[in-house]
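Mind having a look at this structure? Questions to follow.
First chain written, first letter: the chains are A, B, C and D, and each begins at residue 1.
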Amino acid sequence: MIPDQLTHWLLGRFGVSSLPILPAIENPTTSELVAAGAALAVILGAIGGIAFITWLGAWRTLWRDWLTSTDHKRIGIMYVVLALVMMARGVLEGAVMRTQQAFGLNGGFLTPEHFSELFSTHGTIMIFFVAMPLIIGLANYIVPLQIGARDMSFPVMNQISLGLTATGAALVMISLLLGKFSTGGWTAYPPYTGYDFNPGPGPDYWIWSVALAGLGTTMSGINFAVTIFKERAPGMTLFRMPLFTWTVLCAAIIMVFALPPLTVATLMLAADRYLDFHFFTNDLGGNMMNYVNLFWLFGHPEVYLLVIPAYGVFSESIATFSGKRLYGYASLVYATMAIAVLSFTVWLHHFFTMGQSANVNIVFGIASMCIAVPTGVKIYDWMATIFRGRIRMTVPMIYALGFFYLFVIGGLTGVMLANPTISYQVHNTLFLVAHFHNVIIPGVVFGLLSGYHYWFPKAFGFRLHEGWGRLTALLWIFGFSFTFFPLYALGFMGMPRRSASYTDPAFEPLMLVAFFGAALIVSALGSIVIQLWVSVRERESLAVPLGDPWNGRTLEWATSSPPPHYNFAVLPQVEDRDDFADAKAKGRAYMEPDAYEDIVMPNNTSLGMIICVSSTLLGLALVFYIWWLAILATGVIAVAFIARTFVLSTTHVIPADVIAAEHRAWLAGVHAAGPITRDAETRSANHGLASLELPTLAGAER
Amino acid sequence: MKAIMSRLSFPTRHRLVFCSLSFLLLSACSEQRNSFLDPAGPIAAAQRAHLIEVFAWTMIAILPVFILVPLMFWRYRYRNRKARYTPDWAFSGWLDLLMWGVPFVIVGVLSTQLWKSTHALDPYKPIASTEAPVNVQVVGLDWKWLFIYPDLGIATVNELAFPVGASVAMDVTTDTVMQSIMIPALAGQIYAMPGMRTKLHVLADETGSFDGENTQFSGAGFTEQKFEAISMTSQDFTAWVAKVKANGIPLDATSYGRLAAASTGAQVHETLGSPQMPEGVLYFNAVEPALFANVLGRYTQGTAIPSTLQPGAVGYVPPAAAGANQ
Amino acid sequence: MSELNYQHEVRGYLTGFGLALLLTLVPFALTVWGGFGSVTTFVVLGGCALAQFVVQLRFFLHIDLRRQKREDLQLILFSILLLVIMAGGTIWIVGNLGMRMM
Amino acid sequence: MKHPTLHPGLNLGPHHGEAHEDAETLAFGFWVFLMSDLIIFGLMFATYVTMANPMGLAGGPGPKDAYDLTSVFVQTMILLASSLTFGMASLAMRFERGRGPITFWLSVTLLLGLAFLSLEVRDFAHMIEIGAVPSRSGFLSAFWGLVPLHALHVAAGCLWIMIMMIQMRTFGMVPLVKTRILRLGLFWHFLDLIWIGIFTIVYLGALA
């Protein structure tokens, strides 16, 4: 059968049956219709996006100013946009799962198969393609500004990191259209994900999306670490760095050292599946326990990677909106470092129940509880920061309030789980699910949302609408509480995680409460979209071009909003910890320098996009066994990479007079504007210039 | 609900704490006992006690947050010009000592308790009991549990009976993907893995029927992989053994092969069971003595297991049933 | 840059090479011809590998305790700490599990 | 330049001006990458150790059947010598001896690298012949995951040497070329360090 062989050679194991639309037509159950609807949404979303860009006539701009850009600020924004697109899917999946379980007494409307695909994609997307890109995007935007640098150390590598993250995200999205995603959870334990038990493309999708994105993250980690170590403005010693930068440094170290175990685990699993290796198989000496071990060697540091930068955001916003210096700067730094290092010593607490001896469990149990000490110190330091402050209840502070209350509860349940004897009971139950949403949502998500509100005016030159922001924050806080507190009780009642349905009628009332909470969360999401829309519409009256809407304390507020391509006309000379606050108090701020100099900036390049597209094709080829395409895509990546090393001129110069003109125009604006006091902060009078209403004179009491 | 409240027999200083935890469970009024907060054996009771202890100790560090945060947000609000304002105050040695010291001490206390309880409740450790211990070999299958009583020559699917007050010593493995066995009202869980043997000990100090389950996701039928653990008087247990012997069918390579194929307890009850066996449950009388050892040893013999011979795998073919009735 | 310096550096590389050679030959000879108990052999093997690690870092990669900027040296030491935690932990955990599953 | 050394390991020296300063971030970044790679190798080693027992061997060929110690010894010597010759190339660059000596030493290193690879491939072929393939056992999977991974790194290093020889000719000794050779040197020496681990743990340790 020549044609058969040819299609096989051309298309591998891809076939018409891989399209989810067909089963939905043949057998229109609710479950299939939901799947087909999701696929349709992806297609329509893509078409809509393309149409919108065409309508704007923005293809050229998109390519020239964004996709090929090496500017850390644009790359940061692209990371965030990517994460928001993925978030739409992750949230909807969360909501669908809650709906399923609300009506899951003896069934529900989804097949078990479909439900397991949902929690697998939801977990994978939320961790790898929502939380991580949001954090990396935020750090990308803010860190060079905070340390007074012009860009990251390796701008092209930065672009490639983004490309690889986008590749992973694209693969997860494509899995809705072609074939099916894994059903093995975000942890993908073999042998369930091994070839014998799951020969289809699902686990392969998981492997390649996670492995490729993980590679990108490792590179981001290297980039952040080197940038923070080597690109700081003169005078910015390590112990003068803003806390957010410190937390990104610690997160970067985790990226560099915690991603390798993931790479090893996924590639070993791939070797088992593709090349008949026996790392984790049932037979011939494979040892699945090593997979579990390797995965959590990555997995535990990973979740702290997510939360540590969120701690950084709270450190910045709480100090700013309390109008105070941060209490216990050194303590906070040491606590962050302690958390980062300890995060590498506790991974076994995710499998206390595997059968190792009591002594092993004890060592890792105690190590896990030790993390409560530095975390507690952080909480207390922030409390001491608001103590004797002048607190403005802006949106970030509402999130901070929610964080104080809810995160501490999540931490408490974490401490419970760190006790092996308790973990024996609640491991793998909804109690665990409640724990980690209880630390991730009040910690990571609230941190990111408050960072979003705090830094948005820096990136776009106008503030977000305050009223809608407050409503969103409250909906989040209550929605979260209603959704996840019932799950603690369900966990105590022994309901396993990842259950599509249950038979105990006692679960139902709690499930309905959780369903109500999920509805609130979805309306929070709606409210945040409306907030953005309203803010864009009213951007004239919300504009803060002068750059300092919140009476900020750190360097990123010392430049215009949005900042120029080169960030600072002249690199700042740092003299104090909260340098910009110090500068404002001592009248050093907004000074015209003696002289302007030429600035060298990196050129645009299409390398990142080439790598992104080819590695997406590579991933698809591997998932569907299309070997010629895999070889071709690898070849393109290698050639593009080597060709790039033959490009000698990679920078361009911005002449001093251009810079001088731009800077003088901004300074003129500053001198013409009237500074505002903090009670006018949320009104249209705020153009981004703060009056010295809250003086930094020691012990002042007005 | 009564069941839970009537069990409030522990010291009163814990009562308050426990109530605040169990208010969450107010709506939990199922007949079946399925929570370690309503324990029926010493291990689960100790686990609950430990949970309460951890909760109580952490409150020392956590209550100040709950109380002080709202007070401070109110007192130091922007408009309150009467409150003291110290914008440059950023360090106090004593405060720092307290901040590091208190959590440190608490974690120290909790660590010693963790140490003791982890050793005491090690699932591999036999539980002291007056009754003679019962040995059970547990095989996790897709999606049911097989319990072999090697000393009694019987086996069951999805029903684990034992005399009240006897320590049940389980050897646990699976013949498919990884699973995890737990009877919440009696003790915690342990993983079951192919080719490996883990151990779990449970003991019930009252009669009753308790939910047991697999908590480790293992495929489409995962939610159906439940069983009943029944603690009964010794007389009842003897009678139960006799009933299983009388109503059971032989457990040999063929019937085992059909058990091992991916199906729920209810489904195998349809094909192999008889009306004398409870719903979703199977009884076996003549059990091949080396069955458990074979299940375990198959994976470590150094030969490849093709997917046709791997229960749970796509493409598994149960051994041909010579003279089977289907 | 003076010739003297050049000679000095070449000598450094040669010293390193000689030491590394020695530290390879000893364990090799020990495994092939030595009939010592396996504990002694393992200790010598480990010792020689560690020594050679240090020798190569010192003479080939020019890492030493004096001349470096501190933050960079810390990177290397920190990596080795994490390596020990991760690899050592893996061997301990998986070994312990293996023993308890027989 | 106040600091003769700006970053750990090889330094070009202050008289190289721009190249020396550029190397500060470039070489430091490369060190961070190497440390990340070190963790990958470390976990492969750990996996190998946990597999080197009767369970992991699963009755398949073991170290005694599969390894050819003489060949491994020769490979070790070759790789060690290549580290020395790369060192000579680095010195020639540092002391500005001109392109000739640098090219010469790099070519010697390349030849040694290729010799190492061909010996290793010969050993692999022998293992395949006697059935010591990764599909035979967990232990062999761990071997085939680790040692060829190192070989792949060496192959990449060889390719990199070739590219640098081309770039030296086309661009001359511009700062970019110098800093790349510097990083290539770090890479090459790092691979020798990993090989010490392979030699000691994979081969000698398994046989002792």
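Odds and ends about this structure:
Everything below uses one rule, namely that a contact is a pair of C-beta atoms (placed from the backbone, for glycine too) under 8 Å apart; a residue touches a chain by one contact, two chains touch by 3 or more.
No experiment lies behind these values; they were computed from the predicted model shown.
Chains that touch both chain A and chain D are the following: B, C. Taking the mean of all protein C-alpha atoms as the reference point, the chain centroid lying nearest to it belongs to A. Looking at B-C and A-B side by side, the one with more C-beta contacts is A-B.
Look at where the CA atoms of chain B average out and do the same for chain D: the two points lie 49 Å apart.
For this pair, chain A with chain B, the centres built from the Cα atoms lie 35 Å apart.
Mean C-alpha position of chain C lies 15 Å from that of chain D.
Taken residue by residue, chain C touches two or more other chains at 79, 82, 86, 90, 94, 98, 100-101, whereas all remaining positions touch fewer. Of all residues in chain B, those touching 2 or more other chains are 124, 193, 196, 198, 302-303, listed in ascending order.
The residues of chain D that reach two or more other chains are 28, 32, 35, 39, 43, 47, 50, 55, 57-58, 60, 137, listed in rising order.
If each chain is drawn as a node and touching chains are joined, the picture has every node linked to every other. Residues 3-11, 13, 15, 28, 31-32, 35, 38-39, 42-43, 45-47, 49-50, 53, 55, 69, 73, 76-77, 80-81, 83-84, 87-88, 91, 94-96, 186, 189-190, 192-193, 196-197, 199-201, 204-205, 207-208 of chain D are the ones that touch chain C when the two sit in their complex.
If you check the complex, the residues on chain D that touch chain B are 55, 57-60, 137. Within the complex formed with chain B, the chain A residues making contact are 111-113, 116, 183-185, 189, 191-192, 196-199, 282-285, 288-289, 322-331, 351, 353-355, 357-358, 361-362, 365-366, 369-370, 372-373, 376-377, 379-381, 383-384, 386-393, 397, 401, 404-405, 408, 412, 415-416, 418-425, 427-429, 485-486, 488-489, 492-494, 496-506, 509-510, 678-679, 694-702.
On chain B, the positions that touch chain D within their shared complex are 300-303. Of all residues in chain A, those touching chain D in their complex are 153-154, 218, 221-223, 225-226, 229-231, 256-257, 259-261, 263-264, 268, 271-272, 275-279, 281, 283-287, 290, 294, 297, 642, 645-646, 648.
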